[in-house]
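Quick one: the structure is below, and I'll ask about it shortly.
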């Protein structure tokens, strides 16, 4: 057991810190807040990704031959944590960088790699994912969007929901049913779909927070060339599942830092609101601190295991359960500390931190639903980790 | 002994259910939430015509003079349909006036409040917010009151000061209102700034309105009980029809447990609320602690119910389109209004242990 | 809504209080503690029941024609609460009084009523119940104890577990399988079995508390005359289920008072241990007080509903979930307040209240298992109250 | 960076697993729990021969001088088999002596403690029990220490007094032991009464043993992690075979969720424990708060694991025959030993916030 960074890990971290010091404007958030319009904001973020790419920091986990730097899992964690710690902007091409890119590297043809990978890294092309459907959420394999072969094209019809970055995306990693007669996990195929194709309709999906972070995608007779199949036809479940496992295992690293920074802020607030001397508040804060530490340590153990040659497996559900439920408890605690001020939203002169806490409180409800509900995660642990019979 | 509504209480509840569900369909509630005040004059007038605005005012002053169990039953129905606007604040403020004003002032003020012609709210919290009446620090009537419910649509603000209870004209000289936009958009909050504001002194001691605040707390609990029932009903209905893995999601044990816990929480909230109303009505010695029991229990129970409702819906529960979040937002506001769970537990420790 | 007792309820209560004042020795617990041996202790309790019977207070809910006084449900609650409040001894024939007797009144023959009821009231005969089996717990209908007809007798073979008062019982209300070919809820029959019959073996079942509150019953070729069938042959499920529902609905009344008295004691202890001024302790105590109040109010509502003509239904599971989980939270809180002293057992000079808290802490774990696990109760609410599909 | 055991740590763990599971089968543990001391001299000697009793003593004094992560790994295995008797107390007490005694005293005392020839425990709590070293009030060596682990089988008691740390002969003049029978019968507690008891002063300042208490706390956490793992394993095994409603009860979602939560709790306990051991070993600035994180987290996690284990077993979980309750009893003792969750959370607030 050695939690010190190795010399090469230290070198990686210091290099990144230096690059961030040189390239990340300390007042970028103020600049960003002044930009009007979603599209213009997005272009700002895309320019940031381009900068990251030019600095050689995009897609660090990708093999060198595809433009990455073959970073170890520990380096990936360092990267995520450092970016979060520096408060750097999100990379708008995150889905391409973390999910579509790696899946393409594993399953793609040479032509696909040639066509897509470089542009994913640079942010020139943005990707989204079309997985969930109105009737295929927890039961993803029940999806009904169909693709039927018509000469050298698939004709796609159906609907997807909960698509992040759908409105901004140039391409979509889309899971469709190509064999309606096969058992439900068979007969699926992954298609790489040009979002500018005729018949693709992107609509905003408004969440309970009031924001439209997600989209619904509608496909009406959309023609996709057969060369855009990723992996093999009717092998889409195996192609997609790797993406999902990866999502569950790695989503936590950034969140850990985000929660930790929020926690530090709430300690500050408790002090400035005169509540830090209150024993009840101290207990709540300390318990939350302990939970955050445990989450961090669980993640470090999991990443170390993966670094020792494992791939993300079903035990990633432990991380997913932990961070999602912790964030909900944390947001509740923050509300309790802020008292009636906690409910005030963006734009009120009385709100704390311009109402971000209120937004975070609502947004956290989604944590135990997105990327697999807590119920599904527990049943995954029961069945795939503990070896109990399947129960759904 | 009979822990249940009497025939006349059932009658009140049924007519409240009929009225509120007919006049406040959820589409209308959503529309009002998007407005600046969440208040519609026509709807208010209709509501007033049925007498609902005068529920806590004695008949002698033109109110309905209902017993508090009846008022709670009516407010449970109002909560079920998420009635927006100043009803709760008005009932609390009028109860306060009825409790502490002189006979002359009551005769002058209450009739127009009973008919809904005039609307009142109340102001307790200050920048360092506390529901402990001993902590009220603002002199009369100079300074700031925060988190005042629906102040923008009222005529009067029953204002607690360190010099006692004052009735202040909401639109009068020396009174400035600033909106405090918050999570629950069905009931708008304001900051009220008083600058040498003229006020009519109703009482010299704030304790004269403690009972009215307890009534307000209980009615808020009643509203929330109705909201919890509605979240449960919506959820049960959804999980019966939503299918995953070839069956209704309601057939999965983990989803059933979410619903069962909502049921336990909702029924318990109802028991606690009705007892609080009864204890206040009967002036039982344990009335105040009964109110704090209800408020502290429901703060947690309502959050659990809201959380489970969203969770049992899956992704659909996280959408704007689904009504659950409207109730969820109100549950959030509920937690701190009239004192949070920590406040009421400390009050229980002082009163009952 | 009227929570005042009616004049007749008041009369009932005052009569009972007067009777208790006249008949319950204030130092009975000290007397009882001096009695050596389980059997002798039991005889003391049986004598108490006889006294209660002579006073006209045994089986008060039974119809007058069978020796009861046709008490209303509210009067039954008053009775249970007053007995608990006075700290009166348990009635050792409680299963006969509350469960077997009423079931016999509903389903029994005239001869059975004649033979059994009076002796149940007086405590002359003690009853136990043979329901659960090693392989039939939550799934009670899966029970395997068989009874085969041989002339005018049934021959019983099998095993029962978790039988309270088994060692003391003269008779057993036994559920057996009489038709092995019928679906599992059919083909059951209730037999009234003389515990002195050859082939009945009663063994102690030691719990995790170290006590042997329950027994295992073994039946080997036990002959039971056919006239001892309760209700109809193969209709045993319907006979037994009424008993179970009644148990769930009414068990809470006494427990409510017991928890309330314990709570008052722990407040005293918190004060004497110098912890009552601690804000964290005050929060815990107040939260627990609120929970106990809510339990009491829930029960009052449920009893009022039953008094208005309902029979105990599946919504009784709300009470069962509430009191069992509350008692567990309460015992945990008590431990937290007592600190390291809480773990000391009976016989230590340092233990608080001679270690009863330690025993109660362990015993409370059984609460969410006995009389239907919390899991089963939640699924009963889901299916039978909320109308969701059956899930087990 | 590598959060996992090194090869040599794995070796230690494996040999601990082999030794403890072979020498302390559960029947033997049950037998020992029924004895007055839960201690068997022969078994202790065997345990000592393998070096386990000298794990926290430097090699220079005849101990194994293991790093704390290794010690934790070994104690996790001891906890898994519920090793009864004075091992934990001895490791803590010897760590205290190693930390605070003079060179001369160490050379005199430690070798016999390392070989297990002599056994030591430690005494902190007084009738008004607190794990805050500043609250130690007993003068040297006059008064009462309570809840002293396994004192009846030890030779020495490392005794904290307001005058510093003293080594007292457990069987010497002026020392009277009274059993304090408790829930966890695998580790007996005593009250120790000192009456002008002669003692060897090891240190003048109790803070000299704070680190040793943190080590003891961490080893207790390691034991409990092993116990949690064992409860999980027993439970998973049971629910795979126990059938109700025609299938293994482990096929029911509510039972799976009980098990999944045990898994999350157990893995988290392990992460927290190993980090605490590592932080102490490396003398990281956050070492003390890491220990308090582990202790406070595991207090709740162990209780949850025990509760779920019993619940998932149904009636069988409530029997004496089932081994779960042995672990459950130890989890109860764990909650208050070395300070309860409230104590450690307050310590976190002081150290880390």
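For reference, chains read A, B, C and D in written order, and residue numbers begin at 1 within each chain.
By definition in this document, a contact is a pair of C-beta atoms (placed from the backbone, for glycine too) under 8 Å apart; a residue touches a chain by one contact, two chains touch by 3 or more.
Predicted model only: the values in this text are computed from it and were never measured.
Participant: Consider the two chain pairs A-C and C-D; indicate the one with the greater count of contacting C-beta pairs.
Facilitator: C-D
Participant: Using only Cα atoms to place each chain's centre, name the chain farthest from subunit A.
Facilitator: Following the centroid criterion, the farthest chain would be C.
Participant: Starting from the mean Cα coordinates of subunit A and subunit C, work out the distance between those two points in Å.
Facilitator: Each chain reduced to its C-alpha mean, subunit A and subunit C end up 53 Å apart.
Participant: State, to the nearest whole Å, the distance from the C-alpha centre of subunit A to the C-alpha centre of subunit B.
Facilitator: About 40 Å separates the centre of subunit A from that of subunit B.
Participant: Among the residues of subunit B, which are close enough to touch at least two other chains?
Facilitator: 252-255, 257, 342
Participant: Of all the residues in subunit A, which ones touch at least 2 other chains?
Facilitator: 279-280, 283, 375, 378-379, 391-392
Participant: Touching residues of subunit A toward subunit B in the complex: what are they?
Facilitator: Against subunit B, the touching part of subunit A is residues 132, 135-139, 142, 161-162, 205-208, 210, 274, 280, 328, 332, 335-336, 339-351, 358, 361-362, 365-366, 368-370, 373-375, 378-379, 391-392.
Participant: Mind pulling up the subunit C residues that touch subunit B in the complex?
Facilitator: Per the stated touch rule, the residues are 1-6, 9, 74, 267, 276, 279, 282-283, 285-287, 289-291, 293-294, 297-298, 300-301, 303-305, 307-308, 318, 321-322, 375, 377-379, 381-383, 385-392.
Participant: Quick check on the complex: what are the subunit B residues that touch subunit C?
Facilitator: 1-6, 9, 69, 236, 239-240, 247-248, 250-253, 255-257, 259-261, 263-264, 267-268, 270-272, 274-275, 278, 282, 290, 292-293, 296-297, 341-342, 344-349, 352-353
Participant: Using the touch rule from the top, collect the residues of subunit D that touch subunit C in their complex.
Facilitator: It comes out as residues 125, 128-129, 146-147, 178-184, 189, 191, 243-246, 249, 252-255, 303, 307, 310-311, 314-315, 317-322, 324-325, 328, 332-333, 335-337, 340, 342.
Participant: Which stretch or stretches of subunit B touch subunit D in the complex?
Facilitator: Against subunit D, subunit B makes touches at 252-254, 257.
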